[in-house]
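Chains: A, B, C and D, in written order; residue numbering restarts at 1 for each.
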Amino acid sequence: MELDNKYCYSIELDVRDYEIDSEGIVNNANYLHYLEHARHRFCDHAGFSFKAMQDAGLIPVLNRVEVDYKTPLRSGDRMVIAIWVEMKGVRFVFHQDIFNAATGEMVISAVVSCVCLKDGKLSRGELLAEKFKPYLK
Amino acid sequence: MELDNKYCYSIELDVRDYEIDSEGIVNNANYLHYLEHARHRFCDHAGFSFKAMQDAGLIPVLNRVEVDYKTPLRSGDRMVIAIWVEMKGVRFVFHQDIFNAATGEMVISAVVSCVCLKDGKLSRGELLAEKFKPYLK
Amino acid sequence: MELDNKYCYSIELDVRDYEIDSEGIVNNANYLHYLEHARHRFCDHAGFSFKAMQDAGLIPVLNRVEVDYKTPLRSGDRMVIAIWVEMKGVRFVFHQDIFNAATGEMVISAVVSCVCLKDGKLSRGELLAEKFKPYLK
Amino acid sequence: MELDNKYCYSIELDVRDYEIDSEGIVNNANYLHYLEHARHRFCDHAGFSFKAMQDAGLIPVLNRVEVDYKTPLRSGDRMVIAIWVEMKGVRFVFHQDIFNAATGEMVISAVVSCVCLKDGKLSRGELLAEKFKPYLK
């Protein structure tokens, strides 16, 4: 599927059957796992892996998540997770949408807001901002 | 700890160590698991278990989740999950706050909005509303 | 239910609905979560929490797990996890059986074998052995 | 990496950071998730998806799992999951080894034994055996 050019990064993942719950759809919490994995891959892509952050004493911390659930994913489905990012003060705001790779339908639309701790204290996230610069809106 | 009387139901849970991630705190997605478990226990308490709903052809479906992350839970912590519920049109809106049982600190504050499908179609959720009546704000 | 007196420790847990998979039964991997949680609670009980171990530079590491699946747990079930422990050389061998709390039926029978790393190297686990002494067969 | 030709199928997966626990390694239970996902992909590959089985009234049920843990996977690692299968009476026995894709080191070695229920009763699994025939040792 073709993505809107507002997105700066995307990955594709397959649904794994253990992520399906008794309703026959992906359990609501697993989408947060997918979103986290996509953010971490985005950080790799931007040249600053999650592990490198931890080694540098930086810890990105979620402070707010909003998820709108549109259409569920099921066994056998493949998804596209698309991201665009902006800074709002000291917060990094990740706009993350998941689409059904086969149909293009939107599965969820999420806004994930993070701050960056440096040695346990709130930082302005300059280092992260620099790495993300080419991608920020 | 003493809960504000706006809440109509609460449960206590222990953090399990497999819920902790490499940052030494409960992974963000696990809070959605805690919230779901508390909602299902609330339904049991209200006399309408999740399984009874499924047997009656009713499927509660999440349509939106908002979570504000305040202070993380860690290994060994015990939490209180408190709930109050309101109806907005056809949506059941669960206000769910998690507190550290030892300190009383707020861990997360969440708003979870559900609709009820009856045989696959959006229903007005009368049956659920009736069961929840004594608890609704 | 009454437990055989070979067991030295037990806990009770409720099945959480997100642990159920599309077959309507607890997913096979979740039993390993239950078993780990029970072992960690046993360590707490024996006066040596998992966190205290980590702080002391000790890391218990699984080297083998065997699970026989007997009868599945389902939504609404409550389980009893019973443990007895023995040492075989440097290995701590946990015999862990899970029972359906309502019926007494055996759900799984597991043998979990661990070794203890001290500062990254295999240790003889003296400290752990001392704490576990009152419980060892 | 090159696999021994005893294996009839393999897939590659990336470790996701939420699968890492507070020890900085993949949590022991997640390997069962990886193994299940690989078995389901193998079934797809053999032309008989897990969903198709369910639709045909067949339910594969685990009856025993043995896992030897060799070297842990960590953040950023990629794994190869290799499978070979044999029938022993009515049991399908999956031999599943996980390797670190970068180093070729064995991560875990597992034997997973399943039976097949047909409409709730133990079956001889003829249909599954037929699909798996080209792959069985």
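Here is the rule we go by: a contact is a pair of C-beta atoms (placed from the backbone, for glycine too) under 8 Å apart; a residue touches a chain by one contact, two chains touch by 3 or more.
Bear in mind the structure is a predicted one, so any value in this text is a computation, not a measurement.
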Next item on the list: Report which interface contains more C-beta contacts, comparing C-D against B-D.
Entry: C-D
Checklist line | Most distant chain from chain B, judged by the mean position of its C-alpha atoms | finding: D
Item checked: Chain centre separation (chain C, chain D; CA means) in Å -> 23
Next item on the list: Using mean C-alpha positions as chain centres, tell me how far chain B is from chain D in Å, no decimals.
Entry: 34
Item checked: Residues of chain B whose C-beta touches two or more other chains -> 17-18, 22, 27, 29, 33, 36, 75
Next item on the list: Using the touch rule from the top, collect the residues of chain C that touch chain A in their complex.
Entry: 17-18, 20-22, 24, 27, 29, 75
Checklist line | Of chain C, residues touching chain B in the complex | finding: 16-18, 33, 36-37, 40, 44, 49-51, 75-76
Next item on the list: Report the residues of chain A in contact with chain B in the complex, numbered from low to high.
Entry: 22-23, 27-30, 32-33, 36, 54, 59, 61-69
